[in-house]
Amino acid sequence: MSQSLDAYLLLAAGLFAIGTFGFLAKRNAIAMLMSIELMLNAVNLAIVAFALFTPSLGAQGSVIALFVMAVAAAEATVGLAIVIAIYRNRRTPLVDEYASMRE
Amino acid sequence: MSLPETMPYTGWRWDDLVFLALAGVMLGSALLVVLSRNIIRSGLFMVLSFLGLAGIYALAGSPIVAAAQVLVYIGAISVLILFAVMLTQSKAGPAALVFQRQAWIAAIASVVLLGLIGASILLTDFPAAEALPTVHETREVAFLIFDANVFAFEVVSLLLLAAVVGGIFIARRDESADEEGA
Amino acid sequence: MSFFAEAGGHAGHGPELADPTAQLLITLLMAIPLAGFALSVILGRRLGSRPWVIAVPAIIATWLIAMFLVWQTLFVGAYGEYGITFTLYEWIPAGQFRVDANFLMDNLTAVMLIVVTTIGMLVHVYSIGYMSHDPSKWRFFAYLNLFMFSMLLLVLAGNYLLVFAAWELVGLSSYLLIGFWYHKRSAALANKKAFITNRVGDVGFALGIMALWTTVGTLNFTEVFTLIPEKVAGGELGPVLMAGICLLLFMGAMGKSAQFPLHVWLPDAMEGPTPVSALIHAATMVNAGVYLVARSSPVFAQSAGALLLIACLGAFTAILAASIALTQKDIKRVLAYSTLSQLGYMFLALGVGAWIPAIFHLVTHGFFKGLLFLGSGSVIHAVHEEQDMDRMGGLAGKIRITHLTMLIGTIAIAGIPPLAGFFSKDEILGETFKFGVYEQAFYVLFVVGMIVAGMTAFYMWRLMGKTFYGKSRVDPHVEPKIHESPWTMTLPLILLAIPSIGIGLALGWPLGDSTIKHWLEPVFHEAEVTLGRELPKVQLFGIDGILIVIAVSVATLGIVIAAALFGIGRKDGRSETVRSLTQRIPFGPALYRASFNRWYFDDLNHLLFVRFGGVVAESAAIFDRAVIDGIVNGTAKVTQGAGDRIRRIQTGKVQNYALGIAIGLIVISIVLLFVVTR
Amino acid sequence: MLDLTGVPVLSILLAVPLVGAILLAFVPGDRPQLVRRLALLIALVTFGISLAAVLAFDPAQSGYQLRETTSWIPFFGIQYDLGVDGISLVLVVLTTLLSWISILASFGPIQSRVKEYMISFLVLEVGMLGVFLSLDLFLFYIFWEIVLVPMYLIIGIWGGANRIYATVKFVLYTLVGSLLMLVALVATAFSYQVATGSWDGAFSVEKLVGFGFDPTLQLFAFLAFFLAFAIKVPMFPFHTWLPDAHVEAPTAGSVILAGVLLKLGGYGFIRFAMPIFPDAARDLAGPIIVLSLIAIIYGAIVAIVQPDVKKLIAYSSVSHMGFVTLGLFAFQEQAMQGAILQMVNHGLITGGLFLCVGIIYERTHDRTIAKMGGLAAKTPIWAAAFGFFIMASVGLPGLAGFVGEFLVFLGTFAVDPLAAAIASLVMVLGAVYLLWMFQRVAFGEVSDFLKGLGHHLTDMTPTEVLTLAPLAALTIVMGVYPALILDLITGPVNELLAALGPATTGMLP
């Protein structure tokens, strides 16, 4: 099982689906960010898995995964900064009250 | 030092067992992340989920990625998120307000999505060899990062720098506004 | 240069290439006034109280050069029978359409130069005195120089497009000068009217030029004049097309020379300072149309029909303007309508093919009309800017020089021998009559011409009588201050009086073999041959003598009647008699009112173009806003309305959108997985 | 002749304002004077480079020069392909000239967000230059859209009271056209690929010209291109965005809008729509000429009664740009030369007019004709300058407007005298609306409104004179010696006519 690509991919799919649900369902902006992290991890897992079962790729998969992590870190930084900035203005972390982009 | 290749009685390989265990931990805690009504608890479960994933990486033969996972996700991002939680959680919202009204649609959509991805995974005949994953040498990864992909690496470092600066800029207290307030 | 090759090809007929000295002189002739204009504008106010220090010497220099060139051309014959030509540079090189800045100096140009530069120079000198009190007179002198430049360019230009350019520049100069006192609303309206009316004519002129180019492929005078007859002879150019080209060109002439129905601008142009009126009416602008038709004589000669129309229009303008001049009260307006009338004569002459008399009349008219206008300016100056003749009278003794010179001008324009007007007018009428052999309608035109001659004498003496003779009706406050103008104003009057007396005799004698005929014969020879209207030998004791006697009697009669009615010497006019006479004639009062109101042309124009045109423009603007823009905005509204309803879906919540994306993704994936791949 | 072999002049031409804009972003915004001067310097350098390009250009040679070609998106054969011929060179110089003049003219009027304004302007310059320089349809399209953004900002931020309405209208109008153009552009490239089996050159102007597309494709693609360009020109009945945009735009925005942006449409016809789809262009020439004639006359008539000076000039632009389309679709040498000349001249003259209006608006904060009067007495230099450009706009010979206009008339006359006769009516109408406006603004008694301004109503400052002087000088030069431009465009025009095939006589139905 640990030698089957499908297993890894299914695992990634599960993680991704959970992340999707979280992103769509949670009201708290930070919870949404967490969900995004979950989804990113799912993708990362998929990348690593593909790399493992494609010998010609060698260590490339790991490298890509590392890059994704770096970018994710950047994303988290900015995302959280935005949440904090909005929170400071609106005094709430709940996204459905951030509706001034409506008009 | 010499454990049998397979588990007694079941004939399962140890690896598989570990894999299953880790996967279970990871998925379970991930579910708890999204289902938990307490945001702090969500954060902690997320750490657990990341830990499980790191284990899977290690198991799959990518120790570097596993290490990075621990360092970056658990060490940096999770902490960051927890800090953010603490900064914004002055008044804990009522429990009823954790989920959107569309949560049940989202749940269905997620399940369908899972089904779809799963189906496509199972239906696809991947050409990759079903060989045992090989452990990649750290050395090889280093060469790839600092030699072949050094430009991308530099770009990423710039990106991180920009993110840090940007983060500070965005989250910075508007001093003039503060003075007005004071 | 194809131009010269062509010119050389018709050896003996085309002009020669100018030598360097002549080139330089011709260039200078235009460059000096232009430079004068530029300098005056640049220095502007810094010229102080004597802003004419640039403009007037510049014009005097121009005059000297012009006189030298005239002498070379007409008296020495240094430039041959057909004149000289040269190209300054290539103006518009647009593929097959090439127009050079080239110039033609032949006998016709020389004659024009005499009029333009001499009168122009005298007007400049006169303006020193006349404008001495105006605060922004530097502007005036600058404009005058520009005017001179434009006019010189016009008469020297060697192709139609350059004439057109000068044509428009003349229009600009007149615009600037008529509106010189721009703070006066009437002046601002008049200069606009002048420019726009001229533009109407220019449209025709421009189209005529285009038609010429499309038919002969060139615009150079010399080439056009050889190619057009060739094409007509070769049958490539039908009579209709030919008449079309002629009439289009003539439209331009109508505008500049103020022929009916484009005559409305000229009387209004009186709003400018009087020297401007003199310049426009006598020396420059209005002569341009006559010059153009005369210059294009080989073209016009190809279309007898167009010429007949020109003659009729000329005669009609002559009598129309004369009838208006009979009743005007404003001294300058009388002169303005008199100009119109005299221009009508010139076109009558051109139309019957009497090219030389037309130009002759242009010359003589230039001098005596310049004299009359400057004289009227002197009168107006004397009575403190009063222009109404009902508030003048009895000025003869107070401003003697002005009176005397104006008397000369009046007799000259009336056509009493041996003053200038007689010779030219008589030639026009004579040739009209004699060409009746070829075209019956000319007899009618001759009769009209005679009537106009009588009317001219009448209204001119009316002007003299009302202004100079009888009792004074001048404002008592002004009365003691009446004074003769300074020498800068009277000198030009005297200098203009001399040619008004003598130029007719000098150029027009002996009849039938005159100097001007010798000068202009080469220019018009071709046109005369084409028209084939041969002038019988002058019979002083035959038909010509009779015509002269008739003409002189008619003129004398006009003067006598006018003198009886409006006074002579100390004898006062009999205004009661005039009134009762008017009452007794059938429709008298109505006719009087119509004449006084200029046959209501201005009102008609106002109604047609200002009122009706305004309504059209206004409705177009409303149409633009309401319909065209309305459709656009309507589309926008509909879209917006639809968007407004659809917008309900847009909650503004990111997660709603994200869910939408997710569902969309799922649907697409399902379709791809289970529908497309199957 | 300047030898610039090996120097990527055109890329430098694009890079200077772009880099300049980026540099400006780093200049502190609280030093507006520095920002202004830097922007002016950048624009002047760009102008200098464009002059160098002129010197390096050899009018005797045919085809495109100063070529720079680099593969960009090789899969679709899209290239970074720059080059100029006489037509684009002239327009490039016009662009760089008007850009620095506009920037200089903005020194006074623009007081808020100077930095952002100047950056917008420089980016706008990049876009406009790119349109004129691109020889690749895709690249052209990108620059075409780039132009939109800064202009949107310039009108929307620094405009008048009703600026949002105007700028949205401007953008929507233009976008409608350009999106259709994008579709047509892609369709053309596809059909090229289908026909040749290769993407190579599917976006290259040179390859597409004379390719001979299928008539149906030609028709629809041409219509799409036509819409985009006709809106930009703007042709009747797509012109209503122009008066609004002009009225609301700041002075310099109006100058660039009238001076260069409208020319993008005309240029598009010349470079793309007509030569690539010659058959469709020929087939549709009749209706387009009719539309042009309507625009010429209608624009002039509507202009007569406009109460706002800027609106009046905007409608006069509709009328004058009608000559451009008329000249282009007459399919005749002189007419086409005249049309190109008219584009340049209109840029100079209308630029001058808008500058003049802006100068007086600076002082009065009003443009209503009815409130003016007697300005000739109050501000003589201004009145002289305004009168000068009005006369040029009326088409006075010796000034720039005349030659182009006359050549268009002439060429049209050779093809269809009736069309020329109708068009030439504008000689009168143009005089009517411009002179009437000038009379009401400059002549007569000084109006009470102006008297109320007292000594705020000063004559032009040296800086303002400096903005107008080059335009005035060029207006005279182009009128007296049009060969400067005519020599450059004669070759390209003949090539274009050769690509288009012979004219069909009697365009009018």
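For reference, chains read A, B, C and D in written order, and residue numbers begin at 1 within each chain.
Note that in this section contacts are C-beta pairs under 8 Å (C-beta built on N, C-alpha and C of every residue); 3 or more make two chains touch, one makes a residue touch a chain.
All values reported here derive from a predicted model rather than from experimental measurement.
Chain A and chain C have Cα centroids separated by 86 Å. Separating the centre of chain B from that of chain C, both taken as means of CA atoms, is a distance of 93 Å. Inter-chain spacing, taken between the CA centroids of chain A and chain B, is 7 Å. Between chain B and chain D the centroid-to-centroid distance comes to 56 Å (mean Cα coordinates, whole Å).
Each of residues 655, 659, 662 in chain C touches at least two other chains. In chain B, the residues that touch at least two other chains are 100, 102, 105-106, 109, 113. In chain A, the residues touching two or more other chains are 20, 24-25, 96. Taken chain by chain, the contacts fit none of the simple shapes, being neither an open path, a ring, a star, nor a full set of pairwise contacts. Contact between chains, as defined at the top, is found for A-B, A-C, B-C, C-D.
For chain D in complex with chain C, the residues that touch the partner chain are 169, 172-173, 236-237, 239-241, 298, 301-302, 304-306, 333-334, 337-338, 374, 376-377, 391, 396-398, 402-403, 406-407, 409-410, 413-414, 417, 420-421, 424-425, 427-428, 431-432, 435-436, 439, 442-446, 480-483, 486-487, 490, 493-494. By the touch rule above, chain B contacts chain C in their complex via residues 100, 102, 105-106, 109, 112-113, 116, 119-120, 123.
Across the complex, chain C meets chain D through its residues 89-97, 161, 164-169, 172, 175, 179, 182-185, 187-189, 192, 195-196, 199-200, 202-203, 206-207, 209-211, 213-214, 613-614, 616-618, 620-621, 624, 628-629, 632, 636. Across the complex, chain B is touched by residues 1-11, 13-22, 24-28, 30-31, 33-35, 37-38, 41, 44-45, 48-50, 52-55, 58-63, 65-67, 69-78, 80-85, 87-88, 91, 93-94, 96 of chain A. Taken in their complex, chain C has these residues touching chain B: 655-656, 659, 662-663, 665-666, 669-670, 673.
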